[in-house]
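Below, subunit A partners subunit B and then partners subunit C, in two separate complexes.
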Partner chain A sequence: MKKEKLKEELKLEETKDGTLIFQKGEFYHVMEKVRENFPYLSFITAIHFPKDKGFEVVYAFRNIEESEIILLKTKIKEGEKLSSLYKYYKGADWMEREIYDLFGIEFENHPDLRRIVLPEDWEGHPLRKDYPINRAPLKYDYRKKPLLRREI
Partner chain B sequence: MREKIKTFESEEEIILNMGPQHPSTHGVLRIILKLSGEKIVEAKPDIGYLHRGVEKLGETVTYVQFLPMLDRNDYLSATTNEFGFVLAVEKLANIPVPERAQYIRVLFSELSRLASHLVWLGTFCLDLGGALGGGTSIFLFCFREREKILDIFEKMTGARLHPHLMQFGGVRYDVYPGMDKEVKKACDLLEERIDEYEDMLVNNPVFIDRTKGVGVLSKEVALEYGCSGPVLRGSGVKYDLRKAHPYSSYDKFDFEIPVGENGDVFDRFKVRMEEMRQSIRIVRQALEGLPEGPIASQMPVKVKVAVKTPPGEVYAAIESPRGELGYYIYSDGKPTAYRVKIRAPSFSNLSVLPYLLKGHLVADIVAILGSLDPVFGDVDR
Partner chain C sequence: MGINIKPEEIYYSPLFNKLECYMEKFPGGGLILTTTKKLFAWSRKSSLWPLTFGLACCAIEMMAAYASRYDLDRFGVITRASPRQSDVIIVSGTVTAKMAERIKRLYSQMPNPKWVIAMGSCAISGDFYRNVYSVVPGVDRVIPVDIYVPGCPPTPEGLIEGIRKLQQKIMEGVKK
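And then the complex of A and B:
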């Protein structure tokens, strides 16, 4: 099992659901080893914890030959930057842009970090827990620009 | 013939905007192209025109309420969307699934794979142009065949496109009397017709010219970008989650994984055609081996908070017609998920588009895009 090997080599903690936890500072050290053993990036995502004022960023990798999957995660504080995975996996490009768009986490050394699914001038990051969801819909009137939002 | 085409190249680069309202972008995709004559120097896809915030919705409604919404994600194969989500929640909450329900799930997800691939074949050929059997004919043929499958869905669940077949712990509907005959009849017809269409296309020199050697995606690049499904298998990687991580009794079925060699548009076409034949095989086996017993381990849910999960996280993935469709759920013990991440296959498959388009002609864009088979409900979420 490559996962056990990796866990021992890097001395990582494991949660009860089998996700490995690594420190943000060891990013390149960990990812280099992961790249050797798991050459396929499945997805990257984040979870917002407003109480801790921070995020968890979750990575999932696969090893195609041995049909193995591994989940890794790390904690970062609000406003902190995380290194980009683009160096190791090209597919990280869009995935990190999506996280930047919806969570507002910035990635260092990303080639083209801009919003991907929302318009460039969108305010806020919708997948954060403190993003208001009970607002009135935007009402567009072509005579009155910019867009007006009716308060409720 | 391709070599004979004289292309016009110029020093000056122009910028061309393709989409979002373009008939062959399969929904709403905008590509900003930088052209030198007819050659593409750079392509920048712009997505998000269909972003509905499904993941945010998943955090605000309960699991039971969220399930039917997922049908709308990848609207061409609705059942597979539910399939992944129920697997994830069942894994997290330890809900058992009876064997009969597993077989019905397999049966209907393979039927929806057939329906989805038929839409792909029709629209792909429509994009490639009128030379293929006279314009829209193959498109209409495919939709005619798909109708047979949708009729089965309608009789079974009452809905054609968004069936809401699954529930946590099983399926909501049992097979109706006389279904096996209908499905077998549809399978026989489809098998015959798929051969017919493939003969019609691979013997057409225009089709071969427009697909062979176009949009070559090597094995390494496909893995690097996280492509999955027929796009990955077309590049020669034998990887299918149904075989690699068998879920829902897939290990009891006998089928093969088709792979391509060169990774061009033609290979992806071949892989999908072969996959349809394999799906028919699975459907037949599922009908024959359908075990007796209950269809769900729980009563049909009428309360929206009926399903609760313990705190924890889970990732479950299935092989949808487009590739690895996975759900990552982070739960804090409430009937609503704290965070749902949908790993959409079309999203990763589409991210390879800028790489593929570089150096091709403008006319090849629709062929390459069609061969990736993105569904924009799935890409934008």
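And then the complex of A and C:
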């Protein structure tokens, strides 16, 4: 099992559900080893914890030959930057842009960090728990616009 | 050439009725005496070219309507891949704030006369995505809509009905 090997080699903690936890500081040290054993990046996602004012960023990797999946996660505080995975996985480009767009987490050394889903000048990050759900920012508020009618 | 006859007089004259028997008729009058407005409206409704444009799951039903089973070609509806060549835009799906700008641009690139069909509940009012932060509640906040086709999604028959209604509207829009 490559996961057990990685866990011993890097001395990582493991949660009950089998997710490995690593510290933000040793990012490149960990990811270099992961790249050797798991060549395919499945997805990156994040979870917002408004009470702790922090995020958990979750990475999922696959080894297709051995049909093995590994989950890694790290905790960061609001406003802190995380290193970019682009160096090891080119596919991380858009995934990190999406995280930046919807959560507002910035990635260092990313080649082109800008919004991917929402318009460039959108205010706020919608997947944060404290984002107002029932109201669009004023610039895009089409609710107050009158209906357009036309006669032939 | 010096003859002062109103068009109506010709239309109801016995001479015209005799001529009419030998002429191929256009809707609304004889070959010569139909108004240009009516003729243009007839030709416009007979070749409604929609923009190749789909947004969400309604687009699947729209594609089914174009394909061989329902065959919108029968009504002269042939999709064009450029807004410069199309007469009608079928907004088929949820309109987001980012897409709204693009729809507005596509609509303004289409030459006059142009029409809009809002297909499905999302394009009409936003439906249950109405209060989502990024969704426009109805495409008629962005561009003026001529025909609303309700349904979630509407069946191809529903869309065909909407197109027939638009054809009717184009013909009725001409003053008699």
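Please note the rule applied: the second predicted complex is superposed on the first by the 135 of 152 C-alpha atoms of A that agree within 3 Å, B and C clash if a C-alpha of one lies under 4 Å from a C-alpha of the other, contacts with A are read in each partner's own complex, and residues count from 1 in each chain.
By our rule, a contact is a pair of C-beta atoms (placed from the backbone, for glycine too) under 8 Å apart; a residue touches a chain by one contact, two chains touch by 3 or more.
The shown structure was predicted, so the numbers you read here are calculated from the model rather than taken from an experiment.
**Student:** Between subunit B (first) and subunit C (second), which, if any, makes contact with A:143: first, second, both or neither?
**Tutor:** In the superposed model, A:143 contacts subunit C only, not subunit B.
**Student:** Looking at the overlay, does A:39 come into contact with subunit B only (first), subunit C only (second), both, or neither?
**Tutor:** In the superposed model, A:39 contacts subunit B only, not subunit C.
**Student:** What is the contact status of A:27 with respect to subunit B (first) and subunit C (second): first, second, both, or neither?
**Tutor:** A:27: touches no partner chain.
**Student:** Would you mind checking which one, subunit B or subunit C, touches more residues on subunit A?
**Tutor:** In the superposed model, B touches more residues of subunit A.
**Student:** Applying the touch criterion given at the start, work out whether A:133 contacts subunit B, subunit C, both or neither, answering first, second, both or neither.
**Tutor:** both
**Student:** Would you check which partner chain A:118 touches, where first means subunit B only, second means subunit C only, and both and neither mean what they say?
**Tutor:** A:118 sits against subunit B and subunit C alike.
**Student:** Pick out the shared contact residues on subunit A: the ones touching subunit B in one complex and subunit C in the other.
**Tutor:** Of subunit A, residues 117-119, 126, 131, 133 contact subunit B in one complex and subunit C in the other.
**Student:** Over in the complex, which subunit B residues touch subunit A? Could you list them?
**Tutor:** Touch list, subunit B to subunit A: 47-48, 51, 53, 55-56, 60, 221, 223-227, 237, 239, 244-245, 312-315, 317, 324, 326, 328, 330, 338-339, 341, 343, 347-348, 351, 355, 380-381.
**Student:** Along subunit C, where are the residues that touch subunit A in the complex?
**Tutor:** Per the stated touch rule, the residues are 97-98, 100-101, 131, 133-134, 136-138, 140-146, 169-170, 173.
**Student:** State the interface residues of subunit A toward subunit C in the complex, per the touch definition above.
**Tutor:** Contact set of subunit A toward subunit C: 117-119, 126, 131-137, 140, 142-143, 145-150, 152.
**Student:** Using the touch definition up top, name the residues of subunit A that touch subunit B in the complex.
**Tutor:** Residues of subunit A touching subunit B: 15-17, 19, 39-43, 45, 47-48, 58, 60, 64, 67, 69, 71, 89-91, 93-95, 98, 102, 115-119, 126-127, 131, 133.
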